[in-house]
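Here's the structure we're looking at; comments come further down.
Order as written gives the chain letters A, B, C, D, E and F; numbering starts at 1 within each chain.
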Amino acid sequence: MNRIAIFPGSFDPFTRGHEDIVNRTLNIVDIVIVAMGHNPEKNTRYFEADYMLERIRSVYTGNDRVEVIEYNELTASLAEKYKAQYLVRGLRNTTDFEYENSISQLNRYLNKDLETIFLITSPELAPISSSIIREVHKYGGEVMDFLPYEL
Amino acid sequence: MNRIAIFPGSFDPFTRGHEDIVNRTLNIVDIVIVAMGHNPEKNTRYFEADYMLERIRSVYTGNDRVEVIEYNELTASLAEKYKAQYLVRGLRNTTDFEYENSISQLNRYLNKDLETIFLITSPELAPISSSIIREVHKYGGEVMDFLPYEL
Amino acid sequence: MNRIAIFPGSFDPFTRGHEDIVNRTLNIVDIVIVAMGHNPEKNTRYFEADYMLERIRSVYTGNDRVEVIEYNELTASLAEKYKAQYLVRGLRNTTDFEYENSISQLNRYLNKDLETIFLITSPELAPISSSIIREVHKYGGEVMDFLPYEL
Amino acid sequence: MNRIAIFPGSFDPFTRGHEDIVNRTLNIVDIVIVAMGHNPEKNTRYFEADYMLERIRSVYTGNDRVEVIEYNELTASLAEKYKAQYLVRGLRNTTDFEYENSISQLNRYLNKDLETIFLITSPELAPISSSIIREVHKYGGEVMDFLPYEL
Amino acid sequence: MNRIAIFPGSFDPFTRGHEDIVNRTLNIVDIVIVAMGHNPEKNTRYFEADYMLERIRSVYTGNDRVEVIEYNELTASLAEKYKAQYLVRGLRNTTDFEYENSISQLNRYLNKDLETIFLITSPELAPISSSIIREVHKYGGEVMDFLPYEL
Amino acid sequence: MNRIAIFPGSFDPFTRGHEDIVNRTLNIVDIVIVAMGHNPEKNTRYFEADYMLERIRSVYTGNDRVEVIEYNELTASLAEKYKAQYLVRGLRNTTDFEYENSISQLNRYLNKDLETIFLITSPELAPISSSIIREVHKYGGEVMDFLPYEL
């Protein structure tokens, strides 16, 4: 039986910090599903969902251990559908920790066999959040160094 | 190839919180090595090392996926010796997070293939640290509910 | 003179964590006023104000030591109007702490006799925030276990 | 029945921050017992226990709502002996919060009717910890402004 | 060569806490540029930009070491334009710290000679954030004590 | 008048993280005094004081803007003696922040003209604390990469 981990996020955009988590998770499980949460009824994304999905897929072309999907449901339900035993999340700092703590307890409540694996983001990548990249990009700053693909 | 995780700690004493981490790690890897750090030259333990080692082993009698050892070296060297690919650590709160963050960066530096997997301690077990148990035990309070074995 | 505590919040929704705080506050003061903050000009609630007010009241039917009200003013002014000597707030984690710290200093500034009493949320209830419940409910997940009333 | 709160601490030394907590607690309960924890077998205090006890008592001379005692047992047992329904603790910052969180859960476990009331230390007094005062005093610095009595 | 520091913020409103940071920065550098970030396309301010700009300037009338400007670009670009070597930011608590940590790493990335100097907000001013002042003002509360100018 | 900053610490050992703070402070002030706190009556250092002092000096040989000294008094008094207007401290994480917050308030109390400048440690150096280096060195691990001098 394959060990499957879901890596959920809004990925607006997907960063080199996210890529780092995917690569390291591949050393723990067999399959990583990068699951971009997106509610098509809300139009709150900075980078369009379809475009970002395609950009993330370009990173993992030819790698059959990574699947990139879009979803719009509870993460715990998604895990059940994909028979994933694990969620994986990166922790950058203590603010992340407290948020993720709540979410992981909820997910175990909704699906008691679902374990959340946390990896601490590599320190040189920790400061680069998606929201900071959006801010820089909005003002025409250069963000290529923070992304594992071309925009 | 077996997936091996080392769960290092001073385990003074080993608690039901620690047991929870071991059980959940067994859903991620094949073998968990519970590694009790102990420097025989220092006499700073509350519960004697040999006694605690025997008590922890009693919890995993008959479970050939858990090994209980004592060690007195760098965790990264121990991992190399046991061909362990992972360390596992429980996170109870933000104070834990910042400490573990530093340690995990060091371990990756010393042994670049060594990944630290973090699990968040179940909330009902999170308040029960080893140091609180020592304090209660010192004053003759009852601690049985916090331990997965008899004292 | 009655000892009166106001428990202010948006209660969107009121959770078993909130109920825990009310019950424990009743061991400290004589009267607890559950005060649901609501600005009728803004329509940002997930659960409608009137509905939630009625749901909270159903929990305390027959208990003349708990009053449930709606308010739309400064908490410090509300306390003066109700001759409440105390505010009560639950603390779940360090993020809560820093927010509540600021608010409590402000309230003492606005009304120097108003003391804020903090209780730490019981650990098994701490992960269940109102925002997580809204998220689960939005996607059709089951939230009954987190609420002290039927929806 | 009197409402009795125990304010436990090592009080090495008792500071104006501690005095602030006592005064504010007197607005919540009838009696505050300032309980200085001291293990006579260990000699780790900077200010001698008997001396500090006498100094704290001098602050509350003539105030029959404050009692100052020394203790060497579990706080939960002390509370039972004094029929205290509450513990009270000051919170200065998030580090305090996480420590106090654990301790309060333990105390509720040991004595289920014992509630811990937290007050946030007034911001102008928050930076003045006992350990900082010891450090200043050790090097001959002036500490009078931080203490509610003469040394 | 003048040592120039930019103090960026939304200043909605500019508070006595901000004034404290400006005054203390004047003991470190020669010129402080108070730079109010404002995107004229978004209308999300509580206090109008032009009005606030004028109010801040009134505080520093006659002080040729403080300049007050409005900007709508990356802070790192603004610093280059003004030949500022430093940014200055106040830290009130750990939540501030984690946010500022990310931003300062980004700014050094965008402009490697740009150093961010952090000052810890004076504790008696720390609880008074702009968002709390907006909340009090909205409900007709008195906020004059928190501002270094008349509204 | 020279702008002088004192960089106090126990420096057991002085790390590349400390060197980073010194170098960046030289962009803010004229003179940096690296002040190694050491109480000769206590023997709690891992690296001997004289040896470490000499090692730190070797880093700044020929740089007349950096002075390396040993001290055993209050930092505020040391600053007065050296006519230093500033202290400088590195912040790595939120635990550092809360500790430094207290210390800086004390120093301003003891010497009201003494300002503490905080720099956030570069993220790639943040995980490398002196205590981690001592732990690695004790077990014979390689620590050269973390130090700006040979041992």
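By our rule, a residue touches a chain if its C-beta (ideal position, glycine included) is under 8 Å from a C-beta of that chain, and two chains touch if they have at least 3 such contacts.
As the structure is a computational prediction, the values presented were derived from the model and not from experiment.
Number of steps on the shortest path from subunit E to subunit F, with steps defined by chain touch: 1. Looking at the partners of subunit C and subunit D together, the chains they share are B, E. Superposition on CA atoms relates subunit D and subunit F by a rotation of 120 degrees, given as a multiple of 5. Greatest Cα centroid separation from subunit C: this falls to F. Seen from the Cα centre of subunit A, the chain whose own Cα centre is farthest off is D. Where subunit A touches subunit B, over half of the residue numbers in use are shared by the two copies, so each contributes mostly the same positions.
Annotation: 46 Å between the Cα-based centres of subunit B and subunit E. Rounded to whole angstrom units, the spacing between the C-alpha centres of subunit C and subunit E is 34. Across the assembly, subunit B contributes residues 93-95, 98, 101, 105, 123, 127 that each touch 2 or more other chains.
Chain pairs that touch one another are A-B, A-C, A-E, A-F, B-C, B-D, B-F, C-D, C-E, D-E, D-F, E-F. Partner subunit D is touched in their complex by these residues of subunit F: 73-74, 76-77, 94-95, 98, 101-103, 105-106, 109-110.
Taken in their complex, subunit C has these residues touching subunit B: 93-94, 123-124, 126-127. Of all the residues in subunit E, the ones that touch subunit C in their complex are 93-95, 127-129, 132, 135-136, 139, 141-142, 145. Those residues of subunit E that touch subunit F in the complex are listed here as 3, 24, 27-28, 85-86, 91, 94, 97-98, 100-101, 104-105, 113, 115-120, 122-123.
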